[in-house]
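Below: a set of structures, written as structure tokens.
Common to both upcoming complexes is subunit A, partnered first by subunit B, then by subunit C.
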Partner chain A sequence: MSKAHHDRTHHAKKATGIGDPQCFKGEGGKPKFKAGDTVRIRDMADFFYTRCQTYTRGAVGTVTLAVYESPAAEDEAWDNTDKPEWFYSVKFRQKDLWPDYPSAFPNDTVETEFSERWLEKA
Partner chain B sequence: MAKTSDQSKKGAHGHEGEHQHPPAPMVDEVSDFEVLEMAVRELAIEKGLFTAEDHRRWTEYVHSLGPLPAARLVAKAWLDPELKKLAVKDGVKASLKVGVDWINSPPTNFGTPSDYCNLRILEDTPTLKHVVVCTLCSCYPRPILGQSPEWYRTPAYRRRLVRWPRQVLSEFGLQLPPEVEIRVADSNQKTRYMVLPVRPAGTEGWTEEQLAEIVTRDCMIGVAVPKPGVTSNVKMPVHRAVHPIEHHS
Partner chain C sequence: MKSPTRSEVMRHLDLVGQLQPAYHQPAQAPYPDEIDHEHFRALLRSPHDIGGEADISIRWEEKQEEQWEANTFATCECLAWRGVWSAEERRRRQNSDVGQTQYLGLPYYGRWLLTAARIMVDKQYVTLTELNNKFEEVRKRYEQSPSR
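Right, the complex of A and B next:
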């Protein structure tokens, strides 16, 4: 039985001289969201690896920027770089994340990123 | 630790003839992660993935990266509105102005040498203060800021900053009025963040070198704000040595 060949450095080779995530530019298709859109973070099941923080799940925020295209962390963790998607920076009001956030500071926010699969229109 | 205190107890009970002050070990323990790093490194060297010399060179490179390039970038952006615009739009391109090449950074020339290559420079205003954390691990813009401080990697900072930012900032000595929006940037994916603070009053007419001196690492993480005479260009009081060493030339 011959062993299937897998090049473990394919990712690094692709990024050399271009950068990661820059090397996935143009592979994410049409962005579904744009700056100013109101989105809800989906609370999906994740197996073994995710970079979608628990504190954001189910929360509603505003897209500030479509940042770059890249395979989602949940795929890339398993070396699956087949389907890059758009990543978005999303801003939340603190009191939408933590109900008991002191009302003396209503302007405070958190900004963090999500791959497209984690977002839905709100 | 337990061993050391046992020995000092013995000393206190005055067991004559015993060595009363055993030299304390410099490092009490090696963490599991350090053991793991050594094991993986040695295996990689044995396997020929890189040499011990490569490893030493890379370690030296990373450890000798000071926050200086980032401080100079902030100073330049304060002086040049066009560069400030570029910095906010494309941090990777702006970094080239201070000699930091995120994409082809030496010594590996290997695509993503130490980190992902999407730098976002977050511009503070008088009513908006950014502060950076990585709640999931300890992502940090190493190519331009060097090694992250130890506290940045602690669970206490990572867990608490998103939840109680004002309390954490006040522990760093930074208290901001309620009308200032505190925006925590959680670098959970491939973007690395650096804060471009507001140029403080009292720095009118300063040169790039003078400005760069007050932009310390903590100012670019966002837990401090640059202040003339308070952050790094302060004159520290010098305590004269009681028995000064004579220098013979």
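Right, the complex of A and C next:
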């Protein structure tokens, strides 16, 4: 049974007057990565729900920012907020994501967010 | 057995067949040894993770927000304020749990509205029987309304 069923105000109690994800500040532990780190996106099991786009799996990008701490989408989507983790903004070269990307645009990038579990040092 | 309801049911079955996602291999009711790891991954792909899928461009038109869309948004926000769901649970339900046919086939706020009804049933704020009875009541009122 979801937590909301027995205490459906648990998130409101935590976030009211503070905001979300600010209410999870300090709960993600020490960040594993920092701006400038090169990371590879892990290709892990993703049953039922994830925000980690499949097209990024195995690709290498650069961390631009440790953005905030929050429960990972996999947990939060079932109302579980027990284990917040760091989220990172990661920038990829388009050429590294799409094999057929036109060579005429070598500087094109795409930047997107990942929770820490999806990243490993490259 | 001919009746307006029976012909509507037959038209419904035809249309559902045409709305199935195109998977250009025989794909109905496979035996277990016909599903390898690659097929399994493809079948479990969440419908909202569309990046990299081959597709054609879609028609885009500017449009005003309709009243029912604003009402739907407000209803869903109220459900969040009352702790019935978080934004992420709402997204999981309306972008992923709905499945590919509904994800691609329903208007954007149609998915919001359907999902709002679904969570009320899933978390037992209303029973499915109550929802269906309400729907029948509203349909009757609609059919009898002179403005139709």
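In the analysis below, the second predicted complex is superposed on the first by the 117 of 122 C-alpha atoms of A that agree within 3 Å, B and C clash if a C-alpha of one lies under 4 Å from a C-alpha of the other, contacts with A are read in each partner's own complex, and residues count from 1 in each chain.
Here, contacts are C-beta pairs under 8 Å (C-beta built on N, C-alpha and C of every residue); 3 or more make two chains touch, one makes a residue touch a chain.
These figures come from a predicted structure and were not determined experimentally.
A.B. asks: On the A-aligned overlay, A:105 touches which partner chain: subunit B = first, subunit C = second, or both, or neither?
C.D. replies: In the superposed model, A:105 contacts subunit B only, not subunit C.
A.B. asks: Give one of first, second, both or neither to describe whether A:62 is in contact with subunit B, with subunit C, with both, or with none.
C.D. replies: In the superposition, A:62 contacts neither subunit B nor subunit C.
A.B. asks: Tell me which partner touches more residues of subunit A in the superposed arrangement, subunit B or subunit C.
C.D. replies: Here the partner covering more residues of subunit A is B.
A.B. asks: Check whether A:12 is in contact with subunit B, with subunit C, with both or with neither, and answer first, second, both or neither.
C.D. replies: After superposing on A, A:12 lies in contact with both subunit B and subunit C.
A.B. asks: So, A:49: does it touch subunit B (first), subunit C (second), both, or neither?
C.D. replies: second
A.B. asks: A:113 contacts which: subunit B (first), subunit C (second), both, neither?
C.D. replies: After superposition on chain A, A:113 lies in contact with subunit B alone.
A.B. asks: Quick check for you: in the superposed arrangement, does A:87 touch first (subunit B), second (subunit C), both or neither?
C.D. replies: first
A.B. asks: After superposition on the shared chain, which partner residues are touched by A:21: those of subunit B (first), subunit C (second), both, or neither?
C.D. replies: The first partner, subunit B, only.
A.B. asks: So in the superposed three-chain picture, is A:73 touching just subunit B, just subunit C, both, or none of them (first/second/both/neither)?
C.D. replies: both
A.B. asks: On subunit A, which stretch or stretches are contacted by subunit B in one complex as well as by subunit C in the other?
C.D. replies: 12, 53, 55, 73, 98
A.B. asks: Quick one: in the complex, what on subunit A touches subunit C?
C.D. replies: 2, 4-5, 7-12, 46-50, 53-55, 71, 73, 76-79, 98
A.B. asks: Any idea which subunit C residues touch subunit A in the complex?
C.D. replies: Touch residues, subunit C against subunit A: 44-46, 49, 51-52, 81-86, 88-89, 91-92, 96-97, 123.
A.B. asks: Would you tell me which residues of subunit A are touching subunit B in their complex?
C.D. replies: 12-23, 51-53, 55, 67-68, 70, 73, 87, 89, 91, 94, 97-98, 102, 104-105, 107-115
A.B. asks: Would you pull the subunit B residues touching subunit A in the complex into a rising list?
C.D. replies: Listed in rising order, the residues of subunit B that touch subunit A are 92, 102-104, 109-112, 116-118, 120, 135-136, 162-163, 165-166, 178-191.
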